[in-house]
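Chain naming follows the written order as A, B, C and D, and within any one chain the residues start at number 1.
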Amino acid sequence: MSNVELAQSLPMFYRAYLQISNFISSSLSIFKTSQIVSLIKILEDAYANDRKILVMGAGRSGLVGRAFAMRLKHLGFDVYVLGDTIVSPIRRGDVVVAISGSGRTALIVTAAEAAKTAGAVIVAITTYIDSPLAKIADIVVEVPGRAKVSRIEDYFARQVLGVHEPLAPLGTLFEDCTMIFLDSIIAELMHKLGKTEEDLRQGHANIEV
Amino acid sequence: MSNVELAQSLPMFYRAYLQISNFISSSLSIFKTSQIVSLIKILEDAYANDRKILVMGAGRSGLVGRAFAMRLKHLGFDVYVLGDTIVSPIRRGDVVVAISGSGRTALIVTAAEAAKTAGAVIVAITTYIDSPLAKIADIVVEVPGRAKVSRIEDYFARQVLGVHEPLAPLGTLFEDCTMIFLDSIIAELMHKLGKTEEDLRQGHANIEV
Amino acid sequence: MSNVELAQSLPMFYRAYLQISNFISSSLSIFKTSQIVSLIKILEDAYANDRKILVMGAGRSGLVGRAFAMRLKHLGFDVYVLGDTIVSPIRRGDVVVAISGSGRTALIVTAAEAAKTAGAVIVAITTYIDSPLAKIADIVVEVPGRAKVSRIEDYFARQVLGVHEPLAPLGTLFEDCTMIFLDSIIAELMHKLGKTEEDLRQGHANIEV
Amino acid sequence: MSNVELAQSLPMFYRAYLQISNFISSSLSIFKTSQIVSLIKILEDAYANDRKILVMGAGRSGLVGRAFAMRLKHLGFDVYVLGDTIVSPIRRGDVVVAISGSGRTALIVTAAEAAKTAGAVIVAITTYIDSPLAKIADIVVEVPGRAKVSRIEDYFARQVLGVHEPLAPLGTLFEDCTMIFLDSIIAELMHKLGKTEEDLRQGHANIEV
């Protein structure tokens, strides 16, 4: 098969990749700068004052949270992940970063409420500012997901691409966008904390699986 | 502060987000179609013949692998993740998807070798086709990472942005790109297997954390 | 140092080991046979009818549950663990085994309630038959813990051993006792299902960490 | 059914429970006091000098290790678990506790070797002092397992109980015995470090799953 024929044998791969990468690119203008500034400030303060960070999320949102938590660890934060074996108790002034596209994941809302009762500052990363998670949060950071833009995306997929099923099903767009968003937060934190890539390498686990 | 001032207070966030999203977008033309066709075929065959899939990766590559494995599970695959409590034994004809940007992560190479000895088909997702992981793999799927493009990226960062440290440190570009890549593989599999988003929803855990 | 002097240099190790092993031994007469019969029956039925098992517990109780789940997997059960990456959706007739000494762990009660709503049969393994978890359970299996016997144990530790602090702190006695209890359930299941050790070995992961 | 009839309907449960609890009780006289003294000393030194502890084990041995690591965390140790999302890099003088009944688990031996190269003190908890893991360890702590006593146990099971299959299959005896052993190490550490149960409660995660 020629390259063109090969590519034609993968119609959805290329369309999905384009859709997801376009979604990520176009989300940059949707982020609320003031929310990001607040998030960075909370994390800088936690770093300066030796506060713990607890990252939580269910399913794929939890995995994206874990990828963020790893980088915070590399930067020298005292960070934990809900679901890890080793988790420190959360006290007044510690920070919880709770990730849920819908803001309705039952176990995450329950866990965030418990953290709030313990006095933690709750950061919700979600598409929905009126969700249960957002309502108990001290600050909300909006990350777009398919829910928020689904009509346009679906229109595009159906009318332009002639695709009848979503190319990025369920929470995919939120999860992928949050991954890039949080990696960009790491870049800002590196800058603000004066950390180099070599610092991160030094903080990286040397025995892991 | 005005919005412009706010944005100026986050110089690295916006640059990093642009760099990562541009990297993801421009990677589409770098993927090798024939490798993707082979990967899809191996996964389709595993599905059709009730073969198990074992996904493995260390650190953030492992998290990206887990996000992929969750979607395979939603699609109805008999899939496992190295590191989960519940893992099935791997037999001849089962498929291992091993993810490592460098292709040199010791525990992943060791695990992939053990799987090969057990008769599994080894898929390596890596930036380096001449790495130890790639060498033992039955098929290699190349995903670009900073390593492969670092000079250009670093040049861009240093000359154009005036940034002295990488905006996407360590394996970030590989991990983020692999996340989008594998989500696009899911779209193609949905199409090939005739699965709808509702099918995925039915296969999604209803109790999770 | 002589062996006697060495042993004297470890006063608490030997006392704790004796206390825990005595607790485990003496618990055998405390288990309620009818509860065990019910548990075995539910698990046999799940096996015969291809029902899924979801095991859940927080902290060390969760680890004991995972050890049990691994053996169920080796026996051929379709079993999942809350917290694993790969978890199947729970449907009517599936079985949830929820482990909590106090029966009050918030996230476990929340998760068990969600499973009950989905139609699952809820098995509570707990010291407290009047706890929130026990109340929503279809069957309760009582495993003694320090809470239940603490006065005697504490009296023994304080008066006989002259120890002012518990030798088996927090949930230790419940967790250790549940571990042995569930391993004995596995022996009964092997017998009832006609499984040999070789069957378990065949069902054991060959690539794990 | 009467209680006696009920108990008769569970022949293997009671036999297995007796066998495992007898095995645990009788192991106390088998432990090598000097090995335990060395282990306690290494852990005390790590605590006093702010050294990290990394606990590792595969499968059920890994779960037993995690239960131990949780208690070390409650005691205030800077402890990590191989497989957790958050793991600190291991440096010269840090301590690795590697658990493997056979001492031959490939990924654990590989990980322990990597830790040794990084300068860590390696503690092997194993039944076999001549195993690959024991050979690279700085100290070996022997915990009996079925392998070591299998002839007697099997004789007992076969001749006395008339049972043709092991009541405690595969690594069960090692894993259960190691669980009680390590919980007794915790009691000794509480004593040596002057920690009360209330201290442990303060160090216990308040949000966990």
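Basically, a contact is a pair of C-beta atoms (placed from the backbone, for glycine too) under 8 Å apart; a residue touches a chain by one contact, two chains touch by 3 or more.
Quantities reported herein were computed from a predicted structural model and do not represent experimental measurements.
Please state whether A-B or B-D has more C-beta contact pairs across its interface.
Most contacts of the two pairs: A-B.
Over half shared or under half: which fits the residue numbers at the contact of copies chain C and chain D, same or different?
The interface of chain C with chain D is built from mostly shared positions.
Cα centroid separation between chain B and chain D, in whole Å?
Chain B and chain D have C-alpha centres separated by 35 Å.
Starting from the mean Cα coordinates of chain A and chain B, work out the distance between those two points in Å.
The answer is 17 Å.
Specify, in ascending order, the residues of chain D that touch 2 or more different other chains.
Touching at least two other chains: 63, 66, 70, 82-83, 85, 107, 111, 114, 204-205, 208-209.
For a test of understanding, state which residues of chain D touch chain A in their complex under the given definition.
54, 56, 66, 69-70, 73, 79-90, 107, 111, 114-115, 118, 202-209
Which bits of chain B are touching chain D when the two form their complex?
Answer in residue numbers: 63, 83, 85, 106-107, 110-111, 114, 209.
Which residues, counting only chain D, touch chain C once they are in their complex?
Result: residues 3, 6-7, 9-18, 20-22, 24-25, 28, 33-34, 36-37, 40, 58-60, 62-64, 66-67, 70-71, 74, 82-83, 107-108, 111, 165-170, 172, 175-176, 179-181, 183-188, 190-191, 195-197, 200-201, 204-205, 208-209 of chain D touch chain C.
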